[in-house]
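For reference, chains read A, B, C and D in written order, and residue numbers begin at 1 within each chain.
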Amino acid sequence: MTKKRLTVSNARDKIARRAEKEIIAGQIVNLGIGIPTLILKYLDWEKRVQIHSENGILGMKSHCSRETADRNLIDAGGGYIDLVTGASFFDSSLSFSLVRGGRLDIAFLGALELSARGDLANWMIPGKYTPGIGGGMELAQKARRLIITTLHTNRKGQPKILESCTLPLTAKACVDRIITELSVIDVVDDQLKLVEIAEEATLEEIVEKTDAPLMVPDGELPRF
Amino acid sequence: MTKKRLTVSNARDKIARRAEKEIIAGQIVNLGIGIPTLILKYLDWEKRVQIHSENGILGMKSHCSRETADRNLIDAGGGYIDLVTGASFFDSSLSFSLVRGGRLDIAFLGALELSARGDLANWMIPGKYTPGIGGGMELAQKARRLIITTLHTNRKGQPKILESCTLPLTAKACVDRIITELSVIDVVDDQLKLVEIAEEATLEEIVEKTDAPLMVPDGELPRF
Amino acid sequence: MNKVTNINDAISTIKDGQTIMVGGFGVPGTPFMLIDALLQQGTRHLTLIKNEANEPHLGVSKLIEAGRVDRLITSHLGLNTTVLAMMNDKKIAVEFNPQGILVERIRCGGAGLIGFISDIGIDTVLSKHKQVITLNGQKGIVESALRADVAMIHAAVGDDLGNLVYEKSARNFNPAMATAADIVIAEVESIVNTGSLNPDAIHTPSAFVDHVVEIRELRDEYGILEHHVFT
Amino acid sequence: MNKVTNINDAISTIKDGQTIMVGGFGVPGTPFMLIDALLQQGTRHLTLIKNEANEPHLGVSKLIEAGRVDRLITSHLGLNTTVLAMMNDKKIAVEFNPQGILVERIRCGGAGLIGFISDIGIDTVLSKHKQVITLNGQKGIVESALRADVAMIHAAVGDDLGNLVYEKSARNFNPAMATAADIVIAEVESIVNTGSLNPDAIHTPSAFVDHVVEIRELRDEYGILEHHVFT
């Protein structure tokens, strides 16, 4: 059985679309830079979700056009945004009280590496990529639920999900769920458990591209 | 030479009137309960002084009448107040950032006991008077200038200014100036220095009612 | 997410033995209606965190006088001789904090931190029984964060999402407490349409609030205390 | 106390070797006019505290590129490859903090505290070289308070007493920095009559502000960054 391969762009969209299903009505959600931000494209606003941005916004909507851009209104990634009804502004200090105080229902972040027990590395590659920390460490450690949205492998085609991370950690044992273009994987009791398989993927491909033990439940897994 | 004795009420007013002279135009000032609050009666508002109240007000003016009382607007002592132009409200957290962060130019507080090196005891008498701490400790420790306004002796006629305090301290070495109905005394290099004498007082009386060494400069001291 | 609910549903989340924060500094900002509902519910063995204990027969003093409070974490009880007497008779355990340290401990809990280091009270009896550490050559007392199971707060205006605006000196401890409890119940004097509050002027963003209860009638206890009118 | 002054008088308080906090998160809230005046003044060997370093040739990046900054305490430089290259070439010392820890350290300094205890970064390289203590059974990193000699901040509106109101996402680090420096210089887009700001809606009370400078003209750098328009 040959499977259709997704382009990188399609893969990213697929991940974002699947990730959107994780959000429950009324939740407070933070979307990291990259694929997480793409979730906005697919977000069902009927859910009255409140999107938090670290720079002091609750209730951002999406990136807006040049015409409606407000010089005083950007998200944490720098893009100009518009707002939902009921949005609020606050300072950076209260913004992180919201995160660390446990009021963030879900944070979606990207990853450089992930480990079998849910460790996340996404902030530096020593000697190569050291842009700083930003808000990621606090999002990873303190969101009630941390969902990683990432391509299954890196640019060289190497697995991102490893037995142990080799890069400096963002946070230990913080990941609840990993959504890639191939699979949905949960971290349960320090183990990885496959819970969904992409329409375009095979179990063999997922196992091959995952460099850590993967529990595969009996029976047919849901496709996405 | 016999001196006219002040009634307690007159003595308190005299202290408050003298204390008001300490305030420089534009300063941020906190007035404790008791004699400090009486300073409002004599305050020259041309100085554009900003009175801080611990419960989250900058720019309170004075106690107001029943007619203008606002159920949402009291000072830290519980009295209904009015405001100066340019007043602001904030929460208790920012209120104490203002105090501890060093933005309070002067705090005026009362005293149970004072020591020669500027220790203050004003919050409890073990077994007799233990109402709690309130904001006094932070005012005493962190105001740029702490001025004590108090009757020179307690209700039993005993000195309040002692070699060392016997009561639990509010804060160590915090007092800059002591204003009583008899004298103005500065704490300089862990020593008490007499700087003014009340019209109604004699040097002998002050020395007699002060149970700590008192430096008395040569020459005539100013009267108040 | 409409958070407007009726008072009994909101208060029913409070259980025996829980720790409850209550906003207010004197009358302004005290959620009298929520306190009365909690009194009626009969919940016991509470630990209460509040700036003061209101005055006798008013606000949280009613809970304390009814024996519902085992422990009070507070700043000052100078205006409540009834509770002071109960404290002296060991009918209630009282822990006093400097006022700014109390609100800072609450904020610290709300900010998801473990504690902070302060020199307030460093050379007094307050530093006894507390960890003292040195940081960059400065000696400080380690103060622990405070959190509660439930915070009961009062705001002037709220919307159905839970955004809150406080009025004048009624703000006080309310915003910090709104961040520091697992469940936050806000009573508000009026509910406005979501979107009608200025986003720059919202004091407590909706994320922190779980239940909004509207006060139908401002009873006497919300009014002027005649004995505090000084002129 | 009229705190409105001209920009050069305000900036002249900044001396070589001082520590300067600068508000802003991206363009919003960055005091470009004050930064330019500081650049013109030629002050050197500064330690800068700012969320990020703006982008190349913009805001504080101009100070850094001109070699005026010895040390930068920041959170993230992802949008400034110029400063990252200077860091890698050891032309500037950079200290990275998690963003919320950075603002918390500033707020802590502003609150007159010595430090705080947090579990952020506890099992990462960030806990190296830092004191780790245990409080109520929880292990945490001791983070020190940050203060500055001068804070340069940006607000939308100010009055002559120094009360400030920020707008939308331009608030960010400005209110915390306003509390945490010995001298606070605020540039404002407009000055209004004292008394015309709603006392409940003032973000930074006048007590924290020393100098207010009015921006005469919002130059291009305050405007929209075309490369950040994503749709």
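Methods note: a contact is a pair of C-beta atoms (placed from the backbone, for glycine too) under 8 Å apart; a residue touches a chain by one contact, two chains touch by 3 or more.
Predicted, not measured: the structure shown is a model, and the values here were computed from it.
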Comparing centres built from CA atoms, which chain ends up most distant from chain D?
B
Round to the nearest whole Å and give the separation of the Cα centres of chain C and chain D.
32
CA centroid of chain A to CA centroid of chain C, Å
36
Distance-wise, how many Å sit between the C-alpha centres of chain A and chain B, to the nearest whole number?
57
Touching two or more other chains in chain C are residues 104, 107, 111-113, 118-119, 166-168, 171, 199-200
What parts of chain A, by residue number, touch at least two of the other chains?
89-90, 93, 96, 99-100, 142
Is the way these chains touch best called a line, a ring, a star, complete, or other?
other
Name the touching chain pairs, would you?
A-C, A-D, B-C, B-D, C-D
Taking the complex as given, what residues does chain D use to touch chain B?
1, 107, 109-113, 159, 161, 163, 179-180, 182, 194-195, 197, 199-200, 202, 205-208
In the complex of these two chains, what residues of chain A are touching chain C?
25-26, 28, 48, 50, 52, 58-59, 83, 85-90, 93-94, 96-104, 142
Write out the stretch or stretches of chain C touching chain B in their complex.
25-29, 51-52, 74-79, 84, 87-88, 94, 96-101, 103-104, 107, 118-121, 123-126, 156, 166-176, 203, 222-226, 228-231
Per the contact definition, I'd like the list of chain C residues that touch chain D in the complex.
104, 108, 111-119, 131, 133, 135-136, 138, 140, 142, 144, 165-168, 171, 198-201
Which part of chain B faces chain C closely enough to touch in the complex?
53-57, 62-66, 69-76, 78-80, 89-93, 95-96, 99-100, 130-138, 141-142, 168-172
